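Each of the next two complexes has chain A plus one more chain, namely chain B in the first and chain C in the second.
Up next, the complex of A and B:
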């Protein structure tokens, strides 16, 4: 579909600069509760173009750009900074650590993966009994995280119980796809940075880079209470399970599909999304010829779950970039989906207005 | 009253899209309320009276949403796959009919010949008479509620969405019958209860009530092999002591008992080991709210044929009217343990 020329809005493209920023964000470490590295990168990017920038009690980074018009709508965009990872919980000899998962990671995605631990990103690997030495019966059983260990090699003196770890995958391109750890949700962070830099004057834009989403939408809850915007958008990365079934039967449970554009939420475990906003966003997408998909209603949740129930309620919508292999060492997203996403959100911010809410919620 | 109940139950209002049922209730209560608002979450809030000496801000909440289904995929032959909105049991879905918001009706089924156990919701499909994804009038994200006509069995009444339109009926009739009260009463017809008690939470935050009472159905145990002795249909409105979301405030329980005596109606005490109502959310807003729940015993909850007893309903209205019309004592002084 040809994109409609629009005089007023110059739509952004994913250029080398955008890719470099995503690479930097993906490679940085920010497991839930320890988002400092990510916060530092964002601060560097946004300090010069923010009217206000602050960090709250839980560690959420809040950046504000004022409108130049009076009575402008206050629009919050939330993107969580944290990623799933590990925490060292017991030390054996020779740099071997027992660990716990932080956030939702499938035990099947652990054994043999390269990781990095501690403040200095000490390299390690999640070790497991090799195929040579295991019995067929043992190989039928999933190796649980508490039976696995992180091996950092002897001599890692500065590591201690309570230190965080993350997958160690370096960001790279796979054809027209992008692969890295923590793309959930550094893709949202990278997008929000760009949106903030190019924010329109017609709204007060409040960028909330939230903490501890992966362990229960915690940063979003306190930041929304404090900010109480007129609208909230949550930008995140959402799982796609869109490959064909082994027997070639029709896949009816894909959630989202790569290459089909940004995924708009209708329902998840925590939220029934405001249909006034769904209508507004899908209408804009159609008008501007931007591909979008509705995420299949199903379990899961985003920061919206906490935000929309804040105080007397906040009209909220989640829009995500679809990604395969979420919460593993290597998530894969499509560059074209990201570009569509950035363009869609740019148009949304240019057009959002309080009139959307004059009609009652359906 | 039966006619209004029939209208209330037959009107659509799946969680998150309560527009139709909201419009019906609004029309019904408009002449009796002093102020009516609709908030961000779609809650319909009707205020009756202003707080006077000895009075309190009282919130009475009945949820207007009902369970249903949302389309998750249209396959190449036009079958609609779905996700549940609220606690839909696949057992009650076979052969059931649904109506989508755009008016399309269809029948639910699954490939039973290949089935050894109860299917999951994801295995069900809805046949709307389409032959391909292109000619299917339903799109991903569209919602549907169950279709089942209202059945009047004399003392007993059966319908889909009795949970919680029966609570809405009790609240509406209570609003109509209150003549004078020291209390500032907020009748909330709440949204999204079935998916996690959401509308009650935000509306309670805004109202900041001093007492909160939910009106909802509870599971009756008087079917052939019911697993608990209480409550029963026709035994009177139930005063909830606890459920999965709430331990009712002792003084709210006491106020309900007293109101029952004043109104001369029989009541039954209710203890439920699971589930929750709007009261569970109300009690936890801001710095906490004394809360309780008046329940109507109901058979076959969350099936398309939920049954209640007329006497329980009438008596609940009498009890709630008495309670809302008088000062409510909340002091815990003298309550031990």
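Up next, the complex of A and C:
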């Protein structure tokens, strides 16, 4: 039985400070395998309020805040730092490079975009053949990444094969929403930074900012093994395919919907989620009047896929911010969903306790 | 200020503005402001053509002075709102472009009450007329997401609202500029450079710098000939630069200088004169074979008002009709300089030299 929430707790709002942090994180580049910029920002944010902060063999950043009570539950929250992007793999002449995608990017999202490459975020473009020089039949074919190039300008220097790149989209507000290139999963990173800064004393909080999620949940696998928490929460982004269908037929396969609050997973390709944790979280949401939605069971996965199988097994739950157009130059999330998400997770951390696991499994 | 810096700043300012075919007032206003101190008079025609008139500064006998016109189209490609569908909207195109470059682009919707930012998106397969697995999603099934709710969108945006690209320009190493609408704002910059240089030259012909409208759609620049009645017309546009996936005789390297057109659209004497002048100035240039029609304002201008001796100068540009077009600033300056040198040499015998060498 969950203890009653402390009704006096002040729930966080998405203020200018929160937006500025997300902007900084979204504009930074941290392609899978090269997450250094993101690690640096998180270190700056958390160094002064961590009891321990360290980087492990794979590059996961682990920050710990101790409980002030004995036998407090060890709660791990994982948010992956990495984003999908590109690696320069061959140099043509005149600052033009062949590239490969890192992580899952639809080839149809590439052509005609501004990009940034290398440590200094050198500008570049992924161009496309002028429409005047292609045939209608050619325009029926997808422009694949191996036929496209990154053009960094004829005078470009200091860029080499092996350098990473990303779309160059700058974070901005869009109507009631937020738009950026890497909101998957800097929204999770920004949320975890905030949760960590305001962590309750009743739990041992382990924040795991993981690497290489987009290329196979690798950072999650090693960090969970090394940390072995009692519970794990994974905070990430998940698709909202909730727009009106072209033929106006009923859209029943939306997965999640914008404006309906944090999305709680029941199952995905890798994980059948712990029903006791789902019940605990949805119960708290109801009690506190916070909007939540259950993500329709569907393919996809999060760091939970690796974490819940660690050692003897770890009870794990994924809760994601719904978002549109992940892994493109311009992802969109609704601001109100982020606020609901931050508030829900704040309440979850205030209330989590080991008794949840003594309940019988459904 | 350094002339090159001035042109670079002006060009970047121009490609930060909208100016979709048929909706050129923002860009036309900006160009008029910059041309105003470089000319004697600025005029706007009923249909939207912009005229910057610089009267002859030397008298060489012919009264009234002969007229040379430099025509550049101010408009660019864009889109228009077709219908709203819940919290997204469908759109149609203005001008020709490849829809495969669209998903992920940032745009601005120009509404009666202001600009609404949005992004172009490709919906999940189950929301399309068919899944289009392994194929590009056609333009009529791409959407724009404004981040608004359905109610907010309905209030703010209406069918017919014009849509432009929102991406801002940036520089690439090697003296290049990247952005949308460099076709044809790069040529507007070249004409501006020409006007700046003409401040230092004496010229005995009247000079008409002309910003045309709707080149990308209706080709209505023949109307400028009725207004100006030029004796010679120089059309400045962009041509295909050599780059990834684009090679062969039709393309010119970036930074290879003006590309001087020849073919049915172009008066052969003007072509020969520009080529000889580039040689004389020791300026790099390329030749641009345009066998039947140039695809520029030279098409309507050549045949308007009984016919005008017309020529075409082009600036090499990569990735034409995408929002990440690339030009070399040096080519812009060279085209401007070549035209200024040409105009300064025009005198009362120039027309007689436009002969057919049969």
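Here is the rule we use: the second predicted complex is superposed on the first by the 354 of 362 C-alpha atoms of A that agree within 3 Å, B and C clash if a C-alpha of one lies under 4 Å from a C-alpha of the other, contacts with A are read in each partner's own complex, and residues count from 1 in each chain.
As a convention for this text, a residue touches a chain if its C-beta (ideal position, glycine included) is under 8 Å from a C-beta of that chain, and two chains touch if they have at least 3 such contacts.
Quantities reported herein were computed from a predicted structural model and do not represent experimental measurements.
Aligning the two structures on chain A places chain B and chain C side by side, free of any clash.
When the two structures are aligned on the shared chain, A:270 is found in touch with chain B, with no touch to chain C.
In the overlay built on the shared chain, the residue A:108 is in contact with chain C alone; chain B does not reach it.
After overlaying the two complexes on the shared chain, residue contacts for A:289 are found with neither chain B nor chain C. Taking chain A as the reference, the larger set of touched residues comes from C, when chain B and chain C are compared.
Note on the composite model: angle chain B-chain A-chain C, taken at the C-alpha centres, equals 130°, rounded to the nearest 10. By the touch criterion defined above, A:143 lies against chain C but remains apart from chain B after alignment on the C-alpha atoms of chain A. By the touch criterion defined above, A:250 lies against chain B but remains apart from chain C after alignment on the C-alpha atoms of chain A. Judged by the touch definition given at the top, the superposed model places A:298 against chain B, while chain C stays out of reach. When the two complexes are overlaid on their common chain A, residue A:172 makes contact with chain C while staying clear of chain B. This overlay, made by fitting chain A, leaves chain B and chain C with a least C-alpha separation of 10 Å. Touching of chain A by both chain B and chain C, each in its own complex, is seen for residues 253.
Those residues of chain B whose C-beta lies close enough to touch chain A in the complex are 15-17, 19, 22, 38-42, 70-73, 75-76, 81, 83, 85, 122, 139-141, 192, 195-196, 198, 201-203, 205-206. Chain C contributes residues 85-88, 96-106, 116-119, 121-124, 126-129, 134-137, 141, 143, 145-149, 152-153, 167, 170-176, 178, 240, 243-246, 250, 254-255, 295, 318-324, 326, 328 to its touches with chain A in the complex. Those residues of chain A whose C-beta lies close enough to touch chain B in the complex are 250, 252-254, 266-267, 270, 272-273, 275, 278, 294, 296-298, 308-309, 311-315, 357, 360-362.
Interface of chain A with chain C (complex): residues 92, 94-96, 106, 108-109, 111-114, 122-134, 139-143, 147-149, 151-157, 167, 169, 172-179, 239, 241, 243-248, 251, 253, 258-259, 324-325, 328-330, 332, 334.
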